[in-house]
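Labels run A, B, C and D following the written order; every chain starts at residue 1.
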Amino acid sequence: MQEAFQLLANGIVIGSVIAVAAVGLSLVFGVLGLINVAHGDFLTLGAFTALVFVGLGLPLYVAAVPAIAAGALAMGGLEKVLWKPMRDRGTSNVNLLIISIGLALVLRHVIFWIFGARVQRFGPVSERIDFGLFALTPQDIIIVVGSAIALIGTGLMLQKTRIGTAMRALSDNKDLAEASGINVSRVILYTWVIAGALTAYGGVLLGLQGRLFPNMGWFLLLLIFAGVILGGIGSAYGAMIGSLIIGVAQEMATHSIIGLPADLKTAVAFLVLILVLLVRPQGIFGRRKAI
Amino acid sequence: MIAYFQTVLITAGIFALLAQGLNLHRGYTGLLNFGHVAFFAIGSYTMAIMIVTFEFGLLISFIAAMLAATIFGIVVALPAIRLRTDYLAIVTITIGEIFRLVIQSGPGVTELTRGPRGIRGYSNEFFFLREDLGLGFLDPQMYLLVIVWAAVIVVGLLLFLLLRSPWGRVLKGIREDEDAMRALGKNVTSYKIQSFAIGAAIAGLAGVLFAMDIGSLSPVAYLPLITFQAWTIMMLGGMGTHLGPIIGSIIFWSIFNGTLFIPDSIVTGAEAAYLRQIGVGALIMLIIIVRPQGILGSREEMVLDK
Amino acid sequence: MQLSFGGLKAVDGATLEVEPGKITALIGPNGAGKTSLFNVVTGFYKADGGAISFDGGSIMGRRPHSIAKRGLVRTFQLTKSLGRMSVLENMMVAAPGQAGEKVFAAWVVPWMINRQEKENHRKAIELLELFNLIDKKDDYAATLSGGQRKLLELARALMMEPKMILLDEPMAGINPTLGARLLEHVGELRDRGMTFVLVEHDMDVVMRVSEHVIVMANGKVITQGSADEVRQNQEVIDAYLGTGGGAVDEALDEVFEEDARG
Amino acid sequence: MAEANGPNEAREAEEPKEAGTLLLEARDLLSGYVPEVDIVRGCDVEVAAGELVSVIGPNGAGKSTLIKSLFGLVPVRGGTIYFEENEVTRFPTHRLVEAGIGYVPQTENVFPTLTVEENLEMGAYLRPKVIQERYEELFEWFPILAERRSQRAGTMSGGQRQLVALARALMLQPSLLLLDEPSAGLSPANVDVIFDRIQLINSKGVAILMVEQNAKRALAMSDRGYVLEMGQNRFTGPGEELLNDPKVADLYLGGRAKG
């Protein structure tokens, strides 16, 4: 029993990180219909930007600020110089997806080039605190709380602000949004900026787990996809829940009753992804319309 | 210098095969397969396991490898081709990764694949064979090069015959408009599966040759990067063209391996490796941005593409 | 040829028969379920109930390609030309019973394929000449004008040697000269014993070419008969002009969504 | 064939705006979705301030395409469009919204996952300051929406969705409202409601140009009507006159009246 609770807790921790990243991916997909394969590498970008500032002697919570800014700037900038011009030229979504694969390779290996392949840390990870049924490090707790704050903030932004409503309107019906006088290109730009900020922040949280390496975001990417698809692609709220489920499912798969080796736990999440796409492509919480 | 060209041409040949399979999927049938590396790996591993663990001969093992890749192609295709194109891309990427994780640490499976430690010692018979084939005058590398390019040419010819036959015409029709083809009485599902299976078999063949080239197998050799490289090659040469994958592969690997000549005083070996990957990524983006039809593809077809 | 359905929202219990060797027109206001009916008959949509038989056998629940193979061929409202294939290839691909469509046949029995290809090529050229598309035979189909694509689609359907052709708005967006030519072909083919059903908006055309007119509204057949009979029918006038009270059904919401056009 | 003249004398009394000035004028409009296939082939349309004008015609006559062309949603290949005496041909849609044109598409005319209030808010995206005061007036015109202000539009019935769509298009107080088959797919009772509200909106001084399938009802309430056939004007005249013209009825059933 103890083991199950511990795995559940671990699952929630990793699920929280996935959720923050998944919401960003989902926002972009909802508004643009673009599957951005480079998304995971923006997590890495956020983590390593924070690492640079930690290296300068700043505390992590301060270093997170330029990291988030870097994510927002990078995604927003790419919308300006890459995605929008390509869309205006009528490039198909499939070709945009292929571009994002190229972008992923470039981004990741630039980070490799600058920082090398070795694993780095923000700082020492503290001892686990025993909560009886499970034990977590203080960093784990910061991850869960930090993720919750970001998710609630995003939820409020989507629900209560004009730009958030416009984003939802755009993913509902782009033509009608245009016909209502919404400045569609600006809303798209904001969507990228917000997604970039969230994703970089997710990267900082991921780094808090202890290990920073240039492949960290890429390794998480398929789990992020799994979370997004499970929740119903394009639905931001679905992405949050789907990610938590994915996080917990993959940890639980290593429970001694199931007995899967830890290396294989991501394969379980991937399997979930494939099954969901085949059986219920609109996701568990998605509307059929969203496909 | 000769060694450099040998290395380039062997790798280029193997990847030309991979790209030929991919070209059948994407260029002619319109299927977005991003899990090509799985079929590649199946070829390598079936070959090695048959020889090392079960002690079969080269020929039987080779046939088994091709067969395994084909069957796996059908198994993947059956559910996957019902999906929308971009979902198919995600599912195939994921299948590739699952496959790699399973050969690396799948319970029971690792007894055959030996997990991260990998398999070696399967290629002796292949190289001994060179005397019997009357190719004894070639050194092993040259011999491998000849075999690889013989395979590329044979596969290229067979594909050429196949694709300009009515069968290939149906595939192109499916790429253009599935519903129109249904209305013309063609069983679209069946053709997509056939296309998937044949492309997978070619990837399996590439996997066998790759195994012979590297001499020892381990899961890290089968990262999704392999798939992306094959895609780059296919797009560089020109999708939906017969010679595109071959020409694309030679150019790609000449550039890629050319970076080996950059002296260490400028970049270290590790840095050069990263630079090469950056090059692959940049090349993918550049092709789509500057010349989406590739070197041999027709601009007009690209423009007419919806 | 008896078609009847039940349960499908768009096509709500329509029952109709099509006589062989005639041109039957299917008319009705937007959202009457005409295109949905075509989709159900040709297997592109699944019907929830009812029966469809064609040429003495049931085709209910069969997949589109198998229905097409039996000789019931359709065209589409928005033409589906195979854009990045030549006009000639568009024709050749449609020929039925090609041995070369089997995988590996090209490696095993190339002579058989060659023989068939020659024969199909001859047929294709003949049809392209008939449809005045011969000058375009090596052009990509995507470069044809809208009207030429409609002609190509009909010619391509004829390559299949069908028994019956369903034409979904053959005259939409096509210039009058090409339209007249298309209708001429349809008339000639009918004289040679082929059966046609057409959905058409241009009532002039309907009245001129069709021997039998079926009027649909709200997924049901409201009346049928000769062109003149139908024209006099008060129900038909109401269906087209609106009744003032409206006979439109709430359940039709979905139909409007998929069938909506100007 | 009657020439287009101003709105009915009888209606003039209720017009708060000065009626008769030309609001929208389109000349020789040529447009279509795909290159080379013109759906609208040389149409002329005029709408005066405060007028209610219907466009009717058989299926496939190009009615919807016409209205979409006016609103910049279908590429215009020829002709000119003036709005309030400025040329607006090929203006992007959002500039037409700014200029004072509202549009309700035939289908998918609400944001389904947004609440009623949010739908309306999006209608006033260009001028968020007016939202509160517009709510008041529109909720007065459509009381049912006030009751359901926090319901998601996608969960509402077809008729209610149509009301949401109308209200959204009215948020910026347009001087011209373009409606694409507002009665399409509605039950008879809902059709009554929608037509009644359209007349109410018009009586408040908003000019309306609507495309309708239900030709009888549309003409009965319109100041003027255009009958389209094959993308061209066929008949033009006061609604009542067209309604009683046997040639119009004939047109629907193919007895092409010559002259």
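We adopt the following convention: a contact is a pair of C-beta atoms (placed from the backbone, for glycine too) under 8 Å apart; a residue touches a chain by one contact, two chains touch by 3 or more.
Values in this document were obtained by computation on a predicted structure and should not be read as measured data.
Between chain C and chain D, the least number of touch steps comes to 1. Of all chains, the one whose mean C-alpha position sits at the greatest distance from that of chain C is A. Interface comparison, B-C versus A-D: the higher number of contacting C-beta pairs is recorded for B-C.
Between the CA-based centres of chain A and chain D the separation comes to 44 Å, rounded to the whole angstrom. Inter-chain spacing, taken between the CA centroids of chain A and chain C, is 48 Å.
If you average the Cα atoms of chain A and of chain B, the two centres end up 31 Å apart. Each of the following residues of chain B touches two or more other chains: 305-306.
Each of the following residues of chain D touches two or more other chains: 108. The complete set of chain-chain contacts reads A-B, A-D, B-C, C-D. Across the complex, chain C meets chain B through its residues 42-44, 63-66, 68-69, 73-76, 80-85, 89, 92-94, 96, 98-107, 110, 113, 116-117, 140, 142-143, 156, 160.
Listed in rising order, the residues of chain B touching chain C in the complex are 158, 161-162, 164-167, 169-170, 172-173, 175-177, 179-188, 194, 198, 300-301, 304-306. Residues of chain A that touch chain B in their complex: 35, 86, 91-95, 97-99, 101-110, 112-113, 116-117, 222, 225, 229, 259-261, 263-264, 266-267, 270-271, 273-274, 277-278, 281, 291. Touching chain D in their complex are the following residues of chain C: 29-31, 145-146, 169, 172-174, 201-204, 206-207, 227, 230-231, 236-237, 240-250, 252-253, 255-257, 260-262.
Contacts from chain B toward chain A in the complex involve residues 32, 79, 82-87, 89-91, 93-95, 97-98, 101-102, 104-107, 225, 228, 231, 235, 270-271, 274-275, 277-278, 280-286, 288-289, 292, 305-306.
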